[in-house]
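Pasting in a structure now, in structure tokens, and then I'll have a few things to ask.
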């Protein structure tokens, strides 16, 4: 039954740990940067263009017109419906994640304007438990849809997720239909979802709202796969294509509309917002 | 510019001429039959199962409950809007086809019952100018849709077509959107289209109503392709797969629901008619 | 523990009774059914019993989709193909008469022997399979046929082609389509309801589970491999994330439990089918009286209400 | 001959005037436009002129879809992919602002040099291209964007993969989707409107042709090869089946002719774009005032009326 075991490990497509490498060292070209250098470059390696992970608040700041972001539902926190305990209790893991990230959960939502056009934002943070989608991520995304519908503006999502929130068991899986229904309600209200996929966008997030964008773009080199290369290789024993699961492969296979380097993302999204702004009604 | 020439010959997927072989000789196993033997066997070779072409009236008789078929729009005849003249005038070709087949056009429509369930029928006849779709085929199919909608019964189409009616020029192409719109109106009226593809179902007929069946079945060995193997081979110079364009390949690639041998067709269609009969309203 | 679990259920019942049921989210009859479930369940699942469900859900003789089709439907016609690239044998779709009405039915289909298992990829659909399912959903919607979905999939398939052909997007779009249907939809997990592969075809008005089915965000082995760093700790993982029907009902994830014969569905397939048929009939009858717009609104509201947070 | 042709047009005008316009089939303004077309056309196409259209429609410097996009749209964003298997470069789709409103635009795209021609398969879409087009149509419908389709395809592609991937069905379903759209749709043949490949994206409320475009059920060469058994008789075939804009207008297949600069569209792409833009704007303005239900009903009625029989 080894195939059963392999088959099942599909919700943990966390990128390989960088080992002892410093987080400010580029894994592509080994260039090393100071924090302020990387921040000024939007966490894109000035030497080779590698896109470093970007935290949710930094992402918001990089996209919106200064001072226009108003956060919503920041107070939501996970419960522990299963009293889940693996090597440590879920509640402890949550508390630790909040301490480490300064965030209450793996998603930040709110409204803002981008180059003068209003929108709603839902931005994930991989640093919070690998961007896994539990009840709060689902609820925040769901509320972002409603907020966008009420304001009559498009919703821009920025995703980064390594897998399911296993500690919430089946409720974690239920965030897929939950967010899907939220997008459908948003669409019925006449508003658009612009989906920006960053490294890594996998598993439940990819299999729900992120794939339902009216327009879907990804950052260069981002892993965009339901199941990541490690697990696929373990299961199939095949030699994987060079760019397996990456944004570039997804573009070639028709799953996304464009690959947009981070410095071009704000004007690109802004253009889409102008296009999706209601035609004079 | 040779590729342009090859590329364009896409509307004449007539099967290879049988040469001097007698039409009652099976091209698969060379068995020879008397007319009445073949008729009794529904024109299926008793020896190898090869499906011989079947004329429209024989097809109708093989499907419907005896005496229930009432033909419609039998009086429709093609005009010659382009005064088309190639090596011979279109009007002459039409007259000859009518003489040869005893049919006014390449499609027969009407209503009937099959194992006690009412339906509308639209049956093509390859003997009439290769089953090409001109204005009258389009109009008859269109009327069959309306008749089915008015009676509240499903429509069963049986197709056999080698290509466009070139002599009607662009009006021949317009029978594609015409029949497509007719199917959509039928669907809006809540009725189903059951599409039976027989050898050969190609070009415009395949690229319009025949592919819009709620259920699509084909006879064994039928060529079901927009462009037939001869033209594809001329263009691509590739070696074609053994069953290129045949019903069997179409089933494997997901384009049709089933392959139904002719003797099983009546009970199969009858079952579908029972399923699509309105649920008690 | 039994008492404890019963208390949980009674507690949920009490909360449901006192709830201001916003916008008709909960279908009528919910309370009565919960009461009946409660009456039926004598003992709550222990860790051992949860693991027994895992084993029964995966039992090699457990009835599969086509075993139920054969016993419950008349005039069954299986349909094939995604109208694009392939016919995926891991997921079967078709039309049939169920108690006199035409329904559209889809379900994962595992294989009985090694050859069929390979052919059907252990019930794990490729994106082509989800697209075939979507075609059936559209057909159902067009002709107002109720849709029944039988779920029995270990998990979405982790293969190169599955990724290249857009598995994530296919699962998302199958769900989106289910959320848009105007016809009554009932899903029942009849074995393994594994992750994205399961939810792709389970966004239904009524979601049921057979008594010994499991519904999971990840398999016990997968969870154990990640959290305990040892797939052999699967039993521990199962006890922790509770994939059994009673816990799923308690969490509001499913709407009802379909009883199985003593000893599991495989011990008496005819009786299993009869019990499944009764539950499906009950669910469909209830849904058939609801106007299409309400159906869709309630369906979405139900799924949008799932989750526990503060 | 010129007079003869003018007579035809005048005849059609007279018939249109006297017609009892059943169920609003014909859009208002049709008569006036036909009159204007008539006034503009000084000479009817001779066989030589028909052949000149064939040559101009295929001219290697003729503006292609993206040449018009560049000149007519602001904020253009090209979208990619069929969300299943591929991104077909033979057919481009995207969103842009046209005279201040957002439209969805799709069009066949030929290549300028040999490399691009190969990459774009001479503008001949694979089934994946039609599916990408359908995705754009759905996007347009969802957000109420008018749809503009520019048609420029020698013919559907006769390839092994195109057949295996379901070319016939894809062309049928693209048309079916266009017949269901609730938004205004305008198609314009800007070069070659070749057979099924063309009609796949041309089931529009208004169908236009540029002055030197051709619209055919089969290429002149293909027709000649079959009927004259000699592809070199293409000129004869073209004269026989009359693929030019004036004859298409006369047969009721198109709703208007878009003028080109003297000498053909390639002689002045800017001016060609300006003239195309004016015609598109005029068509959209007229359609934008029609309720969605009427649009769809009229669109279907128009296509269902095409054909000549007794």
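The chains carry the letters A, B, C and D, assigned in the order they are written, with residues numbered from 1 in each.
To be clear about the criterion, contacts are C-beta pairs under 8 Å (C-beta built on N, C-alpha and C of every residue); 3 or more make two chains touch, one makes a residue touch a chain.
Owing to the predicted nature of the structure, the values given are computational and were not obtained by experimental measurement.
By the document's definition of touch, common neighbours of subunit A and subunit C comprise D. Farthest from subunit A in terms of Cα centroid separation is B. Between subunit B and subunit C the centroid-to-centroid distance comes to 41 Å (mean Cα coordinates, whole Å). Rounded to whole angstrom, the centroid-to-centroid distance between subunit B and subunit D, based on C-alpha atoms, equals 28 Å. Centroids of subunit C and subunit D (each the mean of its C-alpha atoms) stand 47 Å apart. Residue positions of subunit B touching 2 or more other chains: 253-255. In subunit D, the residues that reach two or more other chains under the touch definition are 83-85, 165-166, 169, 173. Viewed as a contact network, the protein chains fit none of the simple shapes, being neither a path, a ring, a star nor fully connected. Chain pairs that touch one another are A-C, A-D, B-C, B-D, C-D.
Contact residues on subunit D toward subunit C in their complex (touch as defined above): 83-85, 127, 131, 165-166, 169-170, 173.
Those residues of subunit B that touch subunit D in the shared complex are 3-12, 76-79, 81-82, 84-87, 134-136, 138-139, 142, 164-178, 180-185, 202-204, 206-212, 224-227, 231-232, 235-236, 238, 240-241, 244-245, 249, 253-255.
The residues of subunit C lying in touch with subunit A in their complex are 122, 124, 154-160, 162-169, 171-173, 175-176, 179-180, 194-196, 198-200, 202-203, 215-223, 225-228, 231, 237, 240-243, 247-248, 251, 253, 299-300, 303-304, 306-310.
Against subunit A, in their complex, subunit D makes its touches with residues 75, 77-87, 95-97, 101-102, 128, 132, 139, 142-145. Those residues of subunit A lying in contact with subunit D across their complex are 187, 190, 192, 214-215, 251-258, 268, 271-272, 274-277, 279-280.
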